[in-house]
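After this come two complexes, each holding subunit A, first together with subunit B and then together with subunit C.
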Partner chain A sequence: MGYKYTAAAFNQLLENLRKKHRVYAPILLKGKGKFSDADLVGYDEIARVEEVVFNQKSYFSPKETFYPITQTLFYFAGDEFKESVVDEKGIIVFLRACDIQAVERLDKIMLENGLSPDYYYERLRKHLKFIVMDCQESFDSCFCVSMGTNTTKNYSASVRYENGLYLSDVKIDIDGLFALYGEQFEVSPQFVETNKQMVQVPQNLNLESVAINPIWEEYGARCIACGRCTVVCPSCSCYTMQDIFYEDNPKCGERRRVWASCHIDGFTDMAGGHSFRRTNGERMRFKVMHKINDFKQRFGVHMCVGCGRCDNACPEYISLAHCIDRLGKEEVGNCG
Partner chain B sequence: MTINTKRVMKNAWRITRDRNLTCLRIRVPGGYLPVKLLPLIQEIAERFGNGAVHITTRQGFEIPGIAFEHMTEINALLTPLIEELEVKIGVTIDQPDQGYPSAGTRNVVACIGNKVCTNAVFDTTALAKDIEKIIYPNNPHVKIAVTGCPNDCVKVHMHDIGILGQVEPLYDAQRCIGCQACINNCHKVSTGALTLVNYKVKRDASRCIGCGECVLKCPTAAWTRGGKYYRVVIMGRTGKKNPRVAATFLEWAEREVVLKLCANLYVYIDKHIDRSLPKEHVGYIVDRTGYPIFKEEMLKNVDLGSKAQLASILNFAGPMYDNHVSFLNT
Partner chain C sequence: MVNNNYLPFKAKILDKYQQTELDWTYRLECQIKPIFGQFMEVSLPGVGECPISISDFGEGYIEMTIRTVGQVTEGIEKLNPEDYLYLRGPYGIGFPIESFYNKHLIIATGGTGLAPVKSIINYFYAHPELLKQCDILTGFKTPSDVLFTSDLDKWSQLFRVEVTVDKLDEFGNLEVIPNSCSRKTGLITSLIPEVQLPSLEDVRVVIVGPPIMMRYTAQEFLCRGLKQENIWVSFERKMSCGLGKCGHCKIDETYVCLEGPVFNFTKAQTLLD
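Let's look at the complex of A and B:
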């Protein structure tokens, strides 16, 4: 069912959604860019629809709204422990088609991998509802079409801003509020069908030849192991555990789970000082293979959804899209 | 030939080694020049000079090889340049068609700042122009420079007043993944103000110089930019007597404070300058009056705010040329 809303009507809708949900969207974070006098588009709670940034891609992904960067899992005191409490409110997130597909990738690794679902992921994930933001035009670094992630049907509602109105296709109305504040109107969400950059995704990489491909040395010489590409990625799921012992009373403390990155020093460190992938080139190879090969072998879809955020974030201008394309073209070349 | 050298020099023309020729000095506040003014500089150099300009260390142009007789004509030609670079930014110049009204107070120089540089804490050109508005035109020999961060690319430490940008880094522990990029970088390139405590980062505010390197290196924006502040260093100089690197006077000062200090400096100079000398450089006035008097007069009617730190002594370093003990026994 489609609806249209004036800003005032949409804001009333939001106000009522916010009674039982936290509503997150990409907004302009004033002065939060890394350079002075620069803004950043990132996720935060919104109260008004005018805050939502529609005409830019968010720098950080929506992942942090339901998979926190730092999350306390439980507190301990001597032999006892107590689980941390999570907000029972729902989580509504404005995000793009590729981002929703990325959440589906996270679900696979967090809920379908191993014997039981990841409890701490699931307890927030089950509250999550999607509002997909239409993509009328592709942004510079997007390559979702090549990854097959440019559309989605997995959403409660869609939204786009057009001629002063907010247009929504509602699949699952949340508490009947979309119908209550909207005026019926024919709407179908818009997704891009082409990107400015189209990428040749390799189909069947030969692991042995990939391992000795000289491109990793080249990337290794360029990459500074900062981890930006992974922290902005909507489908990276890695985390590490931290046990904190309170200074005043080391018998008490908490266990936290914090995002981690395969690009950053220390990721593969093990007791005894052994470390698997020491060079930045090896790390790049590991990431790329995970994103466009290994994950698919296990789950049937690529982990990378082609959102292009890693390209935007890399201080060394390393483009994953370009890297994938190189591998894809080499593969075709080798076969032909 | 009769020439009033004092008046000529005050008008930004030089006495040169060639008795018949002068040289024009053009100031470019903040060193940022709209290129539409370049053809005029070219025209003057080609029509009246020797077809070349010297790019000065103070981010201006000197146009050499001009006969004295052309001064009035060239002063009139300069009008659009003076209008654009001075009058338009708010400098009071009564007769912009008669050349520069004074030359003692030198051009305010600035690094490129956050127009281009990733390190820059603020818009250096904008501050340079606001300072120019306060201090120009003026006769005392004063050099002021503005730089975007503690890298000090403009060498403000060789100036009477040097201004360096400082940013207060803000930390959001929830966003921190403990990668230590900020800690390592602060240790390597700055002051080592950061340490890891329980996997999160602690900042020792007394060591932090506000360079912003932690913000630049943080992948998750756990560090972001808070308020903009300024370190003010004073009485650095070159010269024949006692060159020295400026000493910190204030840190974490607000913009308004910086502007007020620039104004107060001229009140101080006017009160204490030795008028028996042809000119006295402000650093030597401070050497004579001492820091306590200087400090008191500079801070008159200045509200330092809650963040600013004031130096208790001026910690200078620099040789006295006439007291160079290392030569005594050789």
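Let's look at the complex of A and C:
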């Protein structure tokens, strides 16, 4: 069912949604850009629809809204363990088609991999509802069409801003509020069918020949192992455990998990000084293979959703899209 | 309610024995029934958590042999009987023990790699009729690193036990190794050409140790004509979860905490870091 809203009507909708939900959307984060006076688009709670940035891709991905950068798992006091409390409110997130596909990738690792679902991920994930933001036009670094992630049907409602109105296709109304504040109108969500850059995705990479490909040395010479590409990635899921105790009472403290990156030193460090993938080139290979090969072997879909955020974030202008394309073209070249 | 797979349970330390200057064996009160080669996540609240193999188990207890190398393991070393450790697990795929029945089992270990296979050796020590033959080849850096000396002595009553040290040091000589074992200096790989293999098809090999030791030891056995599929190894990787979530232990499409730590060599040799 389609609806249209004036800004005032949409804000009433938001106000009512916020009674039982936290509503997150991409907004301008003041002074968070590369230069101190620059703004960056990232996620935060919103109260008014005018705050939502529609005409840019967010620098950060939506994953932090339900998979926090730092998450307390439990508290301990002496011999007692107490699970961290969870906000029982729903979580509504404004995000793009590729981002929703990325959440489906996170679900694979966090819910399906191993013998049981990740307790803390599932706890927040079950409250998550998607509002997909239409993509009328592709942004510069996007390559979702090549990755097959440019559309989705997995949303409660869609939204786009057009001629002063907010247009929404509602699949699953949330508490009947979309119907209550909207005026019926024919709407179908818009997704891009082509990107400015089209990428040749390799089909059948052979690990042994990939491992000796000279391109990794080239990337290794440029990569500074800062991990920004994995931080902004909507499908990177790795974390490290961290314990802290409170200074005033060392018997009390908490166990947390924090996002980790396979590009950063220490990711594989073991006691006794052993570590694997010491060079930045090997780490680039490991990341790329995870994104466009290993994950698919395990779960049947590529982990990379082609959102292009890593390309925007890399201080060394390393482009994952270009790297995938090179591997894909080399593969075709080698076969033909 | 879904199970919280991160919350550890309490396990009382029943006993603690020193093995070497850095290694201690802990006997913990615990009801789990692990498979040989599995590991637990061991916690010291406020310090952290780390994966440790179960080195032995029995009715109402498990044992772990832990080397003091960093924050958590240093904290554990300070604990004593009646104190508590916190555990979750067991995790991972262990050794396919039944496929060793009626075979000639060779166990080759380097350093603390002896800990994860100790329970297998004890199992066959208690049931020697299950094997055709058993050889234990074990290497340590120096005589003061030798683990489980009384067990080595015990095992050598039934099995052939060879102990080698890379080099002698100022603290010890070969006398620390029970004289019931064959005592040598040199790398463990140097023992392999000498091993008697009366019936090659019956040989099953278990190799556990540092990555380089496992690679070269496996190579030596392959040179002796063993098939890859008759060799098993156990991997160590950094692990933050043991549940297939944190990503640290991933190699290619394989998660060591889920599909390992024990791998058949046909699989192990394809894993590329």
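The criterion applied here is as follows: the second predicted complex is superposed on the first by the 336 of 336 C-alpha atoms of A that agree within 3 Å, B and C clash if a C-alpha of one lies under 4 Å from a C-alpha of the other, contacts with A are read in each partner's own complex, and residues count from 1 in each chain.
The rule is simple: a residue touches a chain if its C-beta (ideal position, glycine included) is under 8 Å from a C-beta of that chain, and two chains touch if they have at least 3 such contacts.
Quantities reported herein were computed from a predicted structural model and do not represent experimental measurements.
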Following superposition onto subunit A, is the placement of subunit B relative to subunit C best described as a clash or a fit?
fit
From subunit A, separation angle of subunit B and subunit C (C-alpha centres, steps of 10 degrees):
110
With both complexes superposed on chain A, which partner does A:19 reach: first (subunit B), second (subunit C), both or neither?
neither
Between subunit B (first) and subunit C (second), which, if any, makes contact with A:40: first, second, both or neither?
first
Which of subunit B and subunit C A:294 touches, first, second, both or neither
second
Please work out whether A:226 is in contact with subunit B alone, subunit C alone, both, or neither, and reply first, second, both or neither.
first
Just to be sure I read the superposition right, which of the two partners does A:118 touch: subunit B = first, subunit C = second, or both, or neither?
second
Return first, second, both or neither, reflecting whether A:153 touches subunit B, subunit C, both chains, or no partner chain.
neither
Using the touch criterion from the header, give the chain among subunit B and subunit C with more contacted residues in subunit A.
C
In the superposition on the shared chain, how near does any CA atom of subunit B get to one of subunit C? Answer in angstrom.
10
Those residues of subunit A which subunit B touches in one complex and subunit C touches in the other:
240, 242, 244-245, 260
As the complex stands, subunit B meets subunit A at residues 114, 118, 120-123, 165, 167, 173-179, 181, 198-199, 212, 215-221, 224-225, 228
Listed in rising order, subunit C residues that touch subunit A in their complex are 2-8, 10, 43, 45-49, 67, 69-70, 73, 84, 86, 210-211, 236-238, 240-241, 243-248, 250, 252-253, 255, 257-258, 270, 272-273
Contact residues on subunit A for subunit B in the complex?
31-32, 34-37, 40, 42, 60, 68-70, 226-228, 231, 240, 242, 244-245, 247, 256, 258-261, 264-265, 313
Given the complex, residues on subunit A that touch subunit C span 73-74, 76, 79, 81, 83, 109-110, 113-122, 207-208, 211, 237-245, 250-251, 253, 255, 257, 260, 262, 267-272, 274, 276-277, 282, 289-290, 293-295, 297-298
